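Listed next: structures, encoded as structure tokens.
Presented sequentially are two complexes of chain A, the first with chain B as partner and the second with chain C.
This part shows the complex of A and B:
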């Protein structure tokens, strides 16, 4: 079973890597993943290395949701709200798409391609906060 | 990883600073809100409501709650979620009326947590009772167990939830003491609204902290809890009942 799971993860990662590198995958259209609003720091674009985030963001979300909800630890770097604030960008008319309305929503663009259902947004909002300034926690300065 | 590097760096910075100015820094550290540390079991968040100051037809706290948590969906009244409600009590003999808001009482021994089959109903170390909606199966046992009728069930799919207050169909919800505000050092929205409306009928704080306003008031004046016979030791207390 473990081997099967591992193979599953590997193929998922490969698919994603192919998508990101622009390798053709037959008739399935490539996901156009919107660019985030800002870089986390001069050296790093996201709160963790990009490749790491592509594969493991789900684990981060699950781990930190436990810490936040049960233990009251509110680190902004791995919170779903902070992800949405930075990654979900406005469309041509300046409106923010919800994950249900638009296939161009940051989360949906890739999850549709990978055929992985997410139910985060039955409860959580998929739009950025209204009064959002680009502040995703302590930025590494030195 | 970066996270641990960052923590190590922070630690080194702090320890270096402490050697320079121990008194000043230790004070500021103890006063700061450490949102990155787990909540402590030495804290017990509570609320004190003065029913003499609570005005009969005022709904400031209710409106603030609706606004803060986005409880604005248009559904029939029977299934409308209620996190906080106003109750008017009348003494049959004297006719004296008192009005009071009732919400989740954040019991020390919450019956909703006792009956929950999945562990979704839980009490944080600092006494705030919450629903983990990731694992709530919507059985509504907790709604039956709660003697204060504090919990609601979401019957319909929702849209445009507030970023800080996620809610969704098929799960149970209740007053969460505006937990995300508490964690960052701001009080619950209802209390802020009561103050803004000029009534000052509600205060909140750490009941266990001898320096807190709520601790001092509870020590000075007599207060009561709802249904003391159940011995649940609620965190919400009433004055003047």
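This part shows the complex of A and C:
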């Protein structure tokens, strides 16, 4: 019984401590997402509406990877290289972080927060490329 | 502040309160309920250490169930293990930074959800098609399965089909945990709302339902008693007071 009462007091104390902490500090951990370099168009900030990108960018990267590699289909609107070029921004000293080096890398900021693995960069580079004029073959529209 | 955010935030606080205090009260009630008789199901362990092992084998491996019915055991085992993996995976929404164990559990949890549904469907089939089980099934038996299936199916749909903004959702949950009453906005995809509603209902119904078998197993006299009736006389404290038979005078009592 004493143990139960003690546990009861302890849990109330913990709740109270959390409450006091939360309200006084008011710090909800949030991902620090760097701003992209430019907008896609006047109406739209990214290649698809922002809500859509937040939920489904994985589909473009993963499913289009399949289309690109297995079926030779390439599109200009959804390209990993273009994502990286626009979204990965330099730090104070002007260096671009790789996804492994810095938690401020655009991809990593959310992926670490949500504990989702990224396997893109086991093959691809996570830094912007200086000259992005690779021959990408015949381009198909969606 | 959006309606849904406030609605779910308040519902979550309410449900957590009911769950914690309901469960705490139930455990307290179990703890003070007298067990007047020495009734461990034999063969039973002769020492306290043995009882710990027996209880653990019940809790972890469902030993009694295994002995009584193999295929119910199989479905129950699949469901409970998968539920653990899925729950561990969901911890990522409640902590920042996320523990390594939880990070490692992510891919397993994703596919564990299918196992969980498989186990639940098996248990539902049993209830519906085994005639004698169907006969004794009460509406609440179906309600538990229905809630868990709703949670499982909507969860799988969110994860694999309809998607939601999980980063924003985690921010919402953390703002609840920090008691930051300026809550972060919650994503309002239909499937997410269904998922959360079912979770909230399950949390509220937990302390009033057969789901109490989770803490209850530890208080089963047939499982948690040491088999030593001759070495040590079993007297409940209230019986001593009521009938003035002190444990000291036990030797003279005719048995």
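We take it that the second predicted complex is superposed on the first by the 103 of 142 C-alpha atoms of A that agree within 3 Å, B and C clash if a C-alpha of one lies under 4 Å from a C-alpha of the other, contacts with A are read in each partner's own complex, and residues count from 1 in each chain.
By definition in this document, contacts are C-beta pairs under 8 Å (C-beta built on N, C-alpha and C of every residue); 3 or more make two chains touch, one makes a residue touch a chain.
In this text, all values refer to a predicted model and were calculated from it rather than measured experimentally.
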*May I ask you to decide whether A:115 touches chain B, chain C, both, or neither, giving the answer as first, second, both or neither?*
second
*Which holds for A:70: it touches chain B only (first), chain C only (second), both, or neither?*
first
*Once the shared chain is lined up, is A:28 touching chain B (first), chain C (second), both, or neither of them?*
second
*Go through the superposed model and pick first if A:61 touches only chain B, second if only chain C, both, or neither.*
neither
*Using the superposition on chain A described above, determine whether A:84 touches chain B (first), chain C (second), both, or neither.*
first
*In the overlay, answer first, second, both or neither for which of chain B and chain C A:124 touches.*
first
_Using the touch definition from the top, list the residues of chain B that touch chain A in their complex._
1-3, 6, 9, 35-39, 122, 124-126, 130, 132-134, 157-164, 166-169, 171, 179-180, 183-184
*Any idea which chain A residues touch chain C in the complex?*
1, 4, 8, 11, 18-19, 21-23, 25-31, 51, 54-56, 110, 112-117
*Along chain A, where are the residues that touch chain B in the complex?*
44, 47-48, 65, 67, 69-75, 77, 81, 84-85, 98, 100, 122-125, 127-129, 138, 140, 142
*Which residues of chain C touch chain A in the complex?*
20, 24, 27-28, 31-32, 92, 96-98, 102-103, 106-107, 163-168, 170-171, 174-175, 177-182, 184
